[in-house]
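All chains are identified by letter, namely A, B, C, D, E and F, in their written order; residue positions are counted from 1 within each chain.
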């Protein structure tokens, strides 16, 4: 039977929800306060879940120090204290909803982790709103 | 691959665990302190999980503002600051255990959310006891 | 310089806010949903703070095991899974607001703890509403 | 002896730390990542503490519903989903550090609450950094 | 559809990560600070998840009081305030990583709970590192 | 009026409560499970509180990055993943109760922070037991 390990990290960022294919009135109606042209922001709490077999020599599914370093190098360094719309190229043409941020993080980490390990990303935009990808 | 979104709300309620088919001695033995005829209560923390595809126009699985409004209209307004046994008709003939409360909430919300979206309800009765329906 | 030690315990109870000197209309207007005649309830989180000198032999201001036992004997056993209005004599003629519950807990514990130790009670009615007595 | 009551609310905002009297190099050196010209953001958790006497008729130091309404009207409506530097006039000439945000919130609420009540503001910028004003 | 119930308990323990088949240099390189020969420790938060059908007479999947008693008797009493490497026989020849501790807890509880109930163990080693077995 | 700023850090350590002036029976009676000769451990959560005037140029009482670095250099590097009794010289002749650990941390940081700033240390040994020095 497989085991899951979870590592929690965090980053703080500004963002704005906006669909450039819509006019201002529709953007405001659909995205409400989240459409503020001057941005707002969040303390994002990121949980990375890895599922795999336990290595019998280490007793680890994955070294949590190594996972933390991977997350910091490939995600936190790019997202922390940034404006997601302006500073992070992945959102140049992608609306930075929590769902889309989770998918981008998934893609960034998927390349770094061996194919024998399943990966899931859980992202808290606020303590009351969060997402998980994939399910 | 599908994505899950979670929304957390809360309500405060009184309840009593009791099976009217049993005598007082058996009710007291099975339900212990939770059988107090004068009721006790909890701060219930409710997490609603929706699983679906991301809408490419909005970047949302579901609008969290709309989900929050649905939960408040169909659940919180009926349960908050209520006595579940006396004030909520669904528990007239149903013991208000955390399990049964979660199922009632599931049924109330299932009617409001399109069939393309999977729904799960997570209900904290205390920070140490919680339930999830369905699994 | 003095040191403070804190111990956290919890109890679950039903209550109703009501002033018998007022008519129903005024009770409803002042206490809103909290005046529900059938009661509602909370998971109360109780923090007891003791301030004193550190005993040089033990390194303790107070033995936390002993404090936990005192709180369980003199507070939790009387309040947990109870209806504060009906089951707890201290609230026969006292409205069980968080403020008043904290004062009753203070009085119950004050008798048990030596006069060389200062005592404060912090009581969370919900994660968003809490009180402290005395200040 | 006086009693304290606490109410917790929250808002999400973007901000940037910057002193216009300094050149870019010094701003970057002093404020680090917080000086990002495109802003970053936080989920601010705000705790308002009121200290006063308990009203014997209500058992309240202050009606928490009324306090919540005051905070929402005078603080949250102005700060939530806003860019503090651009959208909130109080920070036109004031650096929006957690310390300064807490003082502005104190001033906004101080006008609304009677002089017999002491007021303190606790503001979490992140779960790891927070401030209190006044001490 | 099945329902899950969760119960949270906790224990405090010392441990050291070490593979006796390796020399000191490799142990230090692989396990880093966790290899300290004098041990370090954690507040472990343990969540036990049971999945089953709701009993129509009680409204319970499982009696949480009974589950709490089982966990305390078969896990907490053996692990709490212990040195996992020295005091707990299960780790005599098994490295006490969070993954392996979760599996041992699973085995201890699996014997106590009927085969009609699925069991999962979630173990927090720190608020930032946790594991789940089985997935 | 002065302002307080708080910074939260954490470390994981093993310890044992023991008074070498007492025999084993008395140590066991007074310290209970905490006297285990093989040690147990905790995830300590450390909150450092500084009270001072806000610098008008920065808007800071203290730079939180600088405070975090000081705590990591002078406390975390010495305590994290250590056995407090064996690895930390300050506890060679001092029982590592939460109270005494807080005082040692206070002394380590007091030397690093200017006399115009008041310092307090809050230390969580578990989520249910914590201390504050000085009061």
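Basically, a residue touches a chain if its C-beta (ideal position, glycine included) is under 8 Å from a C-beta of that chain, and two chains touch if they have at least 3 such contacts.
Just so we're clear, the structure is a prediction, and the values are computed from it rather than from any experiment.
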Hey, what chains does chain C share as contacts with chain D? F
Quick check on the contact graph: shortest path length from chain D to chain E, in steps? 2
Looking at CA centres, what chain is most distant from chain F? B
Can you tell me which pair among B-C, A-B or E-F shares over half of its residue-numbered contact pairs with C-D? A-B
When chain E meets its copy chain F, do both sides use mostly the same residue numbers (more than half shared) or mostly different ones? same
Centre distance in Å when chain A and chain D are each reduced to the mean of their C-alpha atoms: 28
Quick one: report the Å distance separating chain B from chain D, using the average Cα coordinate of each chain. 33
Using mean C-alpha positions as chain centres, tell me how far chain B is from chain F in Å, no decimals. 41
Touching two or more other chains - residues of chain B: 127
What are all the chain pairs that meet the touch criterion? A-B, A-D, A-E, B-C, B-E, C-D, C-F, D-F, E-F
Chain D residues touching chain C - in the complex, by the definition given at the top: 1-9, 51, 54, 57-61, 63-65
Chain D residues touching chain F in their complex are 17, 19, 21, 30-32, 94-100, 102-103, 127-135
Chain E to chain F touching residues, read off their complex: 10, 12-15, 33-34, 36, 38-43, 80-83, 86-87, 126-127
